[in-house]
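Here's the structure, in structure tokens; my notes come after.
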Amino acid sequence: MANRFCCERREASCAADATTPTRRGSGITGTPTQIAMILTCLLAGLTVYAAGSTESEIVSREFQSKNFANSKIGVNPLRKLLIYLPPGYTSSTKRYPVVYFFASPFDSSFRAIFDQMGARGVLDRAIAAGTIDRFIFVTVDMTTPLGCSWYVNSPATGNWEDFMVQELVPYIDANFRTLATRDSRGIAGHFMGGYGAIRLGMKYPQVFGSVYALHPVGTGNGVKILASLPNFELMENAKTLGDIQKDGSSTIFTSIFEAHIPDPNNPPLYIEFPAHRVGGRLTINAQVMDRLRSNFFLESLVGQYADNLKSLRGLKFDWARSDLNWDHVYSNQAFTHKLNEYGVPHEAEEYNGSLDREPNWGADGRVTTDMLPFFKRRLVF
Amino acid sequence: MANRFCCERREASCAADATTPTRRGSGITGTPTQIAMILTCLLAGLTVYAAGSTESEIVSREFQSKNFANSKIGVNPLRKLLIYLPPGYTSSTKRYPVVYFFASPFDSSFRAIFDQMGARGVLDRAIAAGTIDRFIFVTVDMTTPLGCSWYVNSPATGNWEDFMVQELVPYIDANFRTLATRDSRGIAGHFMGGYGAIRLGMKYPQVFGSVYALHPVGTGNGVKILASLPNFELMENAKTLGDIQKDGSSTIFTSIFEAHIPDPNNPPLYIEFPAHRVGGRLTINAQVMDRLRSNFFLESLVGQYADNLKSLRGLKFDWARSDLNWDHVYSNQAFTHKLNEYGVPHEAEEYNGSLDREPNWGADGRVTTDMLPFFKRRLVF
Amino acid sequence: MANRFCCERREASCAADATTPTRRGSGITGTPTQIAMILTCLLAGLTVYAAGSTESEIVSREFQSKNFANSKIGVNPLRKLLIYLPPGYTSSTKRYPVVYFFASPFDSSFRAIFDQMGARGVLDRAIAAGTIDRFIFVTVDMTTPLGCSWYVNSPATGNWEDFMVQELVPYIDANFRTLATRDSRGIAGHFMGGYGAIRLGMKYPQVFGSVYALHPVGTGNGVKILASLPNFELMENAKTLGDIQKDGSSTIFTSIFEAHIPDPNNPPLYIEFPAHRVGGRLTINAQVMDRLRSNFFLESLVGQYADNLKSLRGLKFDWARSDLNWDHVYSNQAFTHKLNEYGVPHEAEEYNGSLDREPNWGADGRVTTDMLPFFKRRLVF
Amino acid sequence: MANRFCCERREASCAADATTPTRRGSGITGTPTQIAMILTCLLAGLTVYAAGSTESEIVSREFQSKNFANSKIGVNPLRKLLIYLPPGYTSSTKRYPVVYFFASPFDSSFRAIFDQMGARGVLDRAIAAGTIDRFIFVTVDMTTPLGCSWYVNSPATGNWEDFMVQELVPYIDANFRTLATRDSRGIAGHFMGGYGAIRLGMKYPQVFGSVYALHPVGTGNGVKILASLPNFELMENAKTLGDIQKDGSSTIFTSIFEAHIPDPNNPPLYIEFPAHRVGGRLTINAQVMDRLRSNFFLESLVGQYADNLKSLRGLKFDWARSDLNWDHVYSNQAFTHKLNEYGVPHEAEEYNGSLDREPNWGADGRVTTDMLPFFKRRLVF
């Protein structure tokens, strides 16, 4: 099945005849009709968000991926994204660096940073103030029916890694005036999205040359017993994937297990169990737990990917000191120590704040004070 | 005795006839002759540091203070300072905000940031890049024969607080084109200097509206026993102040005790002893220790000065996570918690770094990435 | 009104004619009739718990206190207690040391350690194994209608401190064969009860010579903002004390505020407010917060009571590393540092465990492995 | 070459004719003559330490090992040990549990616990007080010319693991009245010796059923960069092993590298280098660092040995909170979290104390208050 390109607002007409590929070998294809549609969509986007060509624009796209055919849990292969184009984009012929952004799956949607948190104004003002030079900013929906994809290839959930690296990045480079090299390509994200940014930067430094993670999770283990958090009785008794969604914590951990210790032959959750709770007593399967830790925690991957990490132009992450989940704080502290141990240059800031105060997209938020200045220093413009 | 104003390089002639005050009511005085001398000195400064009027300038001054007459330990009342004037200062009539800076007493001198660490280039480049707007930057020698004055009034060491607030600030406002209000006046410092910046900001928010401390010490107690660090036997047996200087740690702690638990009638150290070590056994005097903690640690003062702290336009401090003295890390963590407890808005960042890598004044150092952007946000220009 | 002594099971007859004091000057009185009743009650207790005089016995008592007349929140002046008498008590004339114990107010009652957690067997086995020598163990109900009394005198909740020191200890010494000196008197408690044990030991070292706190809370502040935890809107809108009890956290904090920042003229909660939440925004009153911290946190009292603490024969506390409320861990860590700073000898152990696993009264629980061996070392038998 | 058994004091005569093995299949051999000598030596020991058969005895032995033939760094194959026999040992035919003990290599020798720290009195008093039942206690010299062997087999330093498990334990069981099963065999140690105790318990749970480590090091990484601690320039320029011994930290790290990243073909240190320092700049070899971490840190081995660890009858370690090397504290905290994560039951206590106060062998030291009670609970007597 060919990919279909479309803007969100004209989905019916776009979904029609996207059949003849024009570019081969990239996993990304487009017909002339599609390209016309793109322009239409782009202009449609302008009417919604921008008053004139000297202002920034938000373009909405959909994207038919080949990488979710094998997903066992019903991932929609039509993936959505928004592209922020800086002021002056349409009136110039200049090429721009790109920052890819993964929002927290706990946001109401991947678009919420624009729809609710004022991301466009934040980016506009930062460009105006010289905090960062003009660049393209892409936010993409990486969620599954259970929430987070964890940004990996998995026989349970689909090939999210391949989707990003083999489909989305080539698509953006083919369809927008990008500086299409790792030196001018950054990746960022918030919370689980920060996890994804570091993970993809760690594995694909030739694709993403600079990485910034806002309050990442999953960097390592905290002080609580991982296996104590999900409700294993609920999970083992689940008849459908939906049964698990009654419990927030179990849903999150099912998504982790589907990504990192998947078992495609074990419906309905398609996971291996790292622990069992029988009669109130928790029994841990040390082998599965070992596999989970080795695959999941970023700190477990530092040794293996140390040279990749060293080759990055820039790596920074931060976290709020007063996250009520202390494990997030602890594991980020441990992660920066581990990176130092392997000689990986990086910045790692713990700041005064909590998650519920949403410190990222406010006037003096971390995006303005730290993330954008970081990309100004690290990207080639 | 009148104050004498002079540039460093012409000390003999300057010291002469500084007798007739031209400004009254400020405690700072200057004759027309002095003002001529100042211009001369300023031009002399230019020949050393600056090629032309569109470049920044470093002006060197000396300052005869009234506040050290009562010092028991031989503080020189002639205090030195350097003033950075931004590019365009001499060719304009504009007024500028001022940031006062206390260097670490462990630097070779208060001037070392300019002489050895490239502060002028850092400030010049930050202004050029729009990281901060044009401003005046003042660094002043706050050291005693034992090292640190701890920035307080003390019958043992002199009135350092009064020196800053009653003499130096009025002097700078009288002699340079400053925006002479707290909204446009910041205070900053490094290490012990960071301690001083917070302490003065805490007590004089009507003078200093914005405060930034780079890796401050003395914010609170760490995990080691304070009283275990100095050599009390050496201290109790000292015949002269010099005897103590054989031991680095004892010297620092003597300076702390002189500032915070002074006893002007107890030569040669002029301190009360918070502990005694007799025959290898440490005995702590809980009353004196209580006084020491209450006077010394910034966290002990938060309750008393909470409203002052809340009235600041901005308060930020940072610290390097890998300071080999873990107590500095621990106490800064405790200090930010305490400030939150009292509802004091502030920024507090723990960053990946160590002291020996001198992270402040390098190309991507904390001054460039954090301190100057902070003052850009907080000062009125 | 005279005190009434009675066993729980014969309340009606006991309450009757307790009128003529036989002992004066102690605040504790008893008629010959009462003493006869005590023996009756004691024998009644024996029939319930003990088969013969060589076994241990649990005696149940009630106690009419004078110290709650001023309580604004309806504290019952008839206070309950249980007394564990060691094997051989009745058949000998020996005098024994006493350990007073405050259970956690979160237990179902002050008796739950005996009724549900097997305390009698734990004490019996420890005595049999030589872990501790024979001693008397007293557990007493220190709860108010809102839960915890916090073991202080307060115009809102009554004089809990006086109740313990002026009434209960003299009563036990008058009615049981105790070694009635501080050398043979210990105090212990769990959670808030551990707070009470340290607090009373700190203030009355001449009464309680040895102190052990199991996982105390309230030793200091943690990393979260204290004022962020209660629901101030609920509290400010409360019409009755009962209105507050809908919310667990607000109930606890109301009890804290009633104990430490009481206002007897401010019904229905009889507290001062350290913060207000208006329209989602928290405003902290730094003066009241300062008073709260100074009165409430044990670490704030160390300076004032350092000499008392030093005079103890033994001081130990412990805490479970995996308490999901990280602040309890953090504040106990800070408390041991503070005690060291003031030169207070003590033991302070952080152990592998969590609160929900109830590590205290199990076979290898902290009472057996640590608390009782501590009292064996510290009490005079 | 056959093993030679001998007491320390008669080395010349003992070394003679140890030729005919009497026990086969154990790697430990002894002639009847040797056994006679043993008795002689044992009696000789008695004359030194013990006045009569109802008192405890300290027996001194030497032991010729086969396991150091391949050592590149000159390890003496004649290994020394002391055996504590409890009161009543000689006058009975009873069999006893055994605890093996590794002293800190920083002690003046493996014997220092007896010669300087009063270990015999501590053990005697604990047995008398019922803190532990009668048992045999063995302390053995595990040091190399550089200090610590790290208790592993290495082509650079010899086979220390095999020495313990294949030679020493069979020897003790053959020559003393032991309960020769894992249920009655414990292993313990202090500092690096604690590392060894956990490591051997982790790998050989069928040999050592109970493990106690006093303030172990090497459990994991701390917050400092491991590679920053040794002087790599000194190490790379060393011409002989002796050259390295000028620097304490480099000596320790050379011993770590010889044990965990040995290179038997790379004299004089016989190590691989995990980092290089050239011109003041540290470059880390991530592959070698990864190998070092995987082999050295106990926390890296938890996944692999989780089932072994779970099979232990008891596992406990402790550490002093105020170790001035904060990394020791941090890594023990991380180690207990990791064990919990894999479901390994264990005790882990952080106590108030520092290393220099030698908290282990004093009157209320950790050996008395915690280690011996632990073995009382865990060993089969």
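Labels A, B, C and D are assigned to the chains in the order they are written; within every chain, residues are numbered from 1.
To be clear about the criterion, a residue touches a chain if its C-beta (ideal position, glycine included) is under 8 Å from a C-beta of that chain, and two chains touch if they have at least 3 such contacts.
What you see is a predicted model; the values in this text were computed from it and never measured.
Asker: Just to be sure I understand the contacts, which chains border both chain D and chain A?
Answerer: Joint contacts, listed by label: B, C.
Asker: Do chain A and chain B, two copies of one chain sequence, contact each other through the same residue numbers, with over half in common, or through different ones?
Answerer: same
Asker: Could you grab the centroid distance between chain B and chain C? Build each centroid from C-alpha atoms only and quote it in angstrom.
Answerer: 49
Asker: Return the distance between the CA-based centres of chain C and chain D, expressed in whole Å.
Answerer: Taking the average C-alpha coordinate of chain C and of chain D, the gap between them is 45 Å.
Asker: What whole-Å value do you get for the distance between chain B and chain D if each is reduced to the mean of its CA atoms?
Answerer: 52
Asker: Note the residues in chain C that touch 2 or more other chains, in rising order.
Answerer: In chain C, 223, 225, 321-322, 340 touch at least two other chains.
Asker: In the complex of these two chains, what residues of chain D are touching chain A?
Answerer: 221-223, 225-227, 275, 282-284, 286, 289-290, 293-294, 303-304, 306-307, 310, 334, 337-338, 340-343
Asker: Per the contact definition, I'd like the list of chain B residues that touch chain A in the complex.
Answerer: The touching residues are 129-130, 321-322, 333, 336, 340, 346-352, 364, 369, 373, 377.
Asker: Can you tell me which positions in chain A touch chain C when the two form their complex?
Answerer: Interface residues on chain A, with respect to chain C: 223-225, 321-322, 324, 326.
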